[in-house]
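There are structures below to look over.
Consider the two complexes below, in which chain A is the common component and chain B and chain C are the respective partners.
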Partner chain A sequence: MASLEIRALTKKFGDVTVLDHIGLVIQDGEFLVLVGPSGCGKSTLLNIIAGLESETCGEILIDGRAVNDVHPKDRDIAMVFQSYALYPNMTVRKNITFGLKVRNTPGPKIEEMLAAVSDLLKIGSLLDRKPAQLSGGQRQRVAMGRALVRDPSIFLFDEPLSNLDAKLRVEMRTEIKKLHHRLGTTIVYVTHDQTEAMNLATRIAVLHQGRIQQLGAPQHLYDHPDNLFVAGFIGSPAMNLLPGSLSSSDGGLYFRPGDGEDLIRVDHYPFREAPADGAPVVFGIRPECVTLPREVEGQARFEVELVAEAVETNGFDKHVAFAYGASELIGRLPAKAGLVAGQPMRVGFDLSGISIFDRRSERRL
Partner chain B sequence: MSAILHDRFINRMTLGRWVLFAVLGLFVLYYLTPFYVMTITSLKSLDEIRDGAFMGLPQSVTFDAWGKAWNTACVGIQCDGLKGYFWNSVRMAIPAVLISTLIGAINGYALTKWRFPGANLIFALMLFGCFIPFQVVIMPMARLLGLMGLAGSIPGLVLVHVVYGIGFTTLFFRNFFITVPDELVKAATMDGAGFMTIFWRILLPISLPTVVVTVIWQFTQIWNDFLFGVSFSAGGGQPITVALNNIVNSSTGVKEYNLDMAAAIIAGLPTLLVYVVAGRYFVRGLTAGSVKG
Partner chain C sequence: MEPDFSRPDSAFAVSRWFQANLPRIVVAPSFVAVMVFVYGFIVWTAYISMTRSKLLPRYDFEGFFQYGRLWSMDRWQVALENLFVFSGLFIFFCMALGLLLAILLDQRIRVEGALRTIYLYPMALSFVVTGTAWKWILNPGLGIEKVVQDLGFTDFQFNWLVDPDLAIYTIVIAGVWQSSGFVMAMFLAGLRSIDQEILKAAYMDGASLPKIYLRIIIPSMRPVFLSAFVVLAHLAIKSFDLVIVLTRGGPGYATDMPATFMYAMAFQRGRIGLAAASATIMLMTVMAIMVPYLYSELRRKRDE
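Coming up: the complex of A and B.
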């Protein structure tokens, strides 16, 4: 077990800056998920932590010791790859013990560690098979076994579930979560799937254009996204983002959607600094806060008549697309709500959990 | 309904198969006829050959010509048969094939998995080496071998064939290793394996079909080579191709067709054997990587 610190890490490929002054402190035993769209540099960051790629500048510290010049094999890190990267010519047994043999671990010790790992991952019956004879889920387990067997102080996962089908992915997600609880090892996990990130992480770092957009607990990122990118990236369906402006009248502060006459009261919103009157903003509201008026509790509410344009049924609720001025607004309504596409209906906004962003800087106000 | 479809399918297949087999059979005949004539001629006595039944089976089978070709045929003024030259070729071909294949494998591995600045340029130059005609390198090669003290020796020939073969072997292995995911090497690096451990324990074992292709290719090239053999060896140190030429092209005495045929078959047998033993890997290796597994 170990802590990991990354200081002002920058990586350039020629003129392209892939990672730009990344700073991260990962505590011992933490499950940190790096999430972001393809090409945001998250895999590169993971490879640099592993030592498989070199940084342009910056520092990586494991337990306070700089490891920039330490060879990958001596960093006490194990990694699980997206393609699993099992050695095709070796049996499962040899795949798992390869790292131990290369490090000259004594034979009895190897057997003992192999037995422990195959018990833990329930792969005892597969030990004499070759990777080609395994299913996707089994390969995934073996790949984790190969990482686990060395008992490293840090685990790196590079999109380990993206090659599995949806059902298996959910299963393995739970397994990984359990494994983390059991072993308590520090984990850095890369994914482009925000649901996976939300489910697994103790903290999430959202990466975009080579920078960390926000770092925090999953719920905090969901409730208080720092900027428009994070607001749009975390959550499914995505947060509704309405452009408009702030205006104060009658002693109250209101949001006015860009092309509408509606005034949505936002007095209660904890502005980080006092906003200017008429400031151009983006108003963010989660789909679950757009629902039937009777579902909205509390004072911070707003009601409006909207036309449902499309309805998607999920079983436990319905996702409804409303036309609101020039924007589209997604709402989550109870499964039993009787509504007809094309018909106007009353819709309530729960304003207790809204986010407001500056339209120019795209930052949270 | 499905039974009818099934029957039609079978019928069409059968008709198509007949045509296919007929065409293939024709090709087989076309290719095997010379070999057939060589074989039966080598088993006839010289008298029978003079009687003129060119395609007919021998009236009495005799291995005299084979024995003579191996033991007592005259190559130039030496009358010790082909055996010494056969072993010359073995001593030249085996090390040359193994060394060039191994170097090609390491080159291909380094060029794809440990990319360094200029790797593409080096590969391009090696590829260029494949297209240089033999004749162009003979003079400089002769000079170099002389300077190295390897002129006219079998190690000299081994060196020539290794150098000339590296371009091809590197190409084969590079094209295979480029299809192997880099993550495999990364995983092994994390596991603690170094450059050579990864090569010996993982990449070389999975490239077995490519090894077979390369060995067949190199063996055929080197065993059958005449030009380098005739240029860089002398007297008793010549490879079998040169000796065969010297037997067949001798212009004195009676033309012993049965002896010539036996000698030619002896000279060709090893490559034939390599194809028969490893042939099925050959096609598999040539197409490896072109189809996703």
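Coming up: the complex of A and C.
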């Protein structure tokens, strides 16, 4: 177990800056998920932590010790790869024990560690098979076993679930989570799937264009996205983002979407700084806050008549696309809500959890 | 395709039959040709080897008379010995050199494309060209020996080409020069097909680069080794042109190979029966090596 600190880490490929002054402190036992769209530099960051790629500048500290010039094998880090990267010519047993043998671990100790790991991951019956004879989920387990057996102080996961089918992915996700609970090892986990990030992380770092857009607990990122990118990236279906402006009248502060006539009262919104009247903003509201009027509790509410353009049922609720001025608004309505596509209906906005962003800086107001 | 119901049934049936059998019809001529000219003549040759055919084939069955004569000939013994020396060294050095070059080229070096082409280029030449070039290079009066002697080292000797005991190794040199680049290309493709993440994983497991190659990469390239072996083995066994051009089987018959022996018997000495017997022995030699190897490899593949 160990803490990990990254200081002002920059990586350039020629003129292209892939990582731009990344700073991160990961506490001992934390499960940090690096999430971002493809090409945001998250895998590069992971490879640099592992020592498989070199940084352009910056520092990496494990337990306060700079490891920039330490060979990957001496960093006490284990990594699970997207393609599992099992050695195709070796049996599961040899795959798992290869790292120990290379490090001249004594034989009885190897057997002991192998037994512990195969017990933990329930792969005891697979030990004499070759990787080609395993299913995707089994390979995933073996890859994790190979990382676990060395008992490293930090685990790195590079999109480990993206090659599995949907059902297996959910299963393995739970298992990784359980494993983290049991072992308490520091984990850095890379994924492009925000659901995976939300489910697994104790903290999430959203990476975009080589910068950390926001770092925080999953719920915090969901409720208080720091900027438009995070707002749009975290959550599925994505947060509704309506461009418009702020205006004060009758002693209240209102949001006026686009060039519409509606005025949505936003007095209660905890602005970080007092907004200017008429300021161009983006109004963000989660789909679950766009629902039937009777579902909305509390004072901060708004009602409007909208036309449902498309309805998607998924059993426990319905995702409904409404046309709202020039924008589209996704709402989540109870499964029982009787509604017909193309018909106007009353829709209620729960305004207690809205986000408001400056349209120019794209930052949260 | 939609069936055309407006046509009479018989025409429809014919077109259906053609559709179903077109692949077989297309393949049939070459299949027949292969059956006759390859397998048919193998059988014919095997039969001829059991007769007393001399200049012209005769069809009276005589049993294994020709084989007895063949095995009592010193020239045949030399040819067989040469075959084993040549193919053993040729395959070994081609593979070793090819693998070494491939590993070196795989280190993401600059101008890799150009180097790859340079190493692969000899394969574009015919063995006749290779043989001629090496004949000049190895000729004591023209090539290396003369150049070094002209430089002042008058005691220098490099006359393998005319030494009955060493001439066979000149054929190995020329053959390796020609074919190792091709083997390199095969190995390089094999190396490239290995997932880079496997290397990263092994690296993090703490394995050094030589260990990664020795323990993981080379063992997982088994299919490439098989392909390279098959290609090289058949090049070695049918090596005829290289020997003819480089040494003509000489000095004397010191560098004779079964293929040149057979050619000499069939077309120069007028002993078709003996030539057929040697051809049959060659076929059986190839089969003795290849069949078990292929069988074990294919069975392993099915098991996996």
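In the analysis below, the second predicted complex is superposed on the first by the 365 of 365 C-alpha atoms of A that agree within 3 Å, B and C clash if a C-alpha of one lies under 4 Å from a C-alpha of the other, contacts with A are read in each partner's own complex, and residues count from 1 in each chain.
What we mean here is this: a residue touches a chain if its C-beta (ideal position, glycine included) is under 8 Å from a C-beta of that chain, and two chains touch if they have at least 3 such contacts.
Model, not experiment: these values are computed from the prediction.
Superposition of the two structures on chain A leads chain B and chain C into a clash.
In the superposition on chain A, contact of A:A50 is made with both chain B and chain C. By the touch criterion stated above, A:Q133 is placed in contact with chain C alone, chain B being left untouched. After overlaying the two complexes on the shared chain, residue contacts for A:Q82 are found with chain B and with chain C alike. Look at A:R146: by the touch rule set out above, it reaches both chain B and chain C. When the two complexes are superposed on chain A, the residues of chain A that touch both chain B and chain C are 47, 50, 52, 72-73, 77-79, 81-83, 85-90, 98-99, 102-103, 146, 150.
Chain B makes touch with chain A in their complex at residues 181, 183-184, 186-193, 197, 201-202, 205-206.
Listed in rising order, the residues of chain C touching chain A in the complex are 195, 197-198, 200-207, 211, 215-216, 219-220, 222, 304. The residues of chain A lying in touch with chain B in their complex are 47, 50, 52, 72-73, 77-79, 81-83, 85-90, 98-99, 102-103, 146, 150.
Remark: chain A residues 47, 50-52, 72-73, 77-79, 81-90, 98-99, 102-103, 130, 132-133, 146, 150 touch chain C in the complex.
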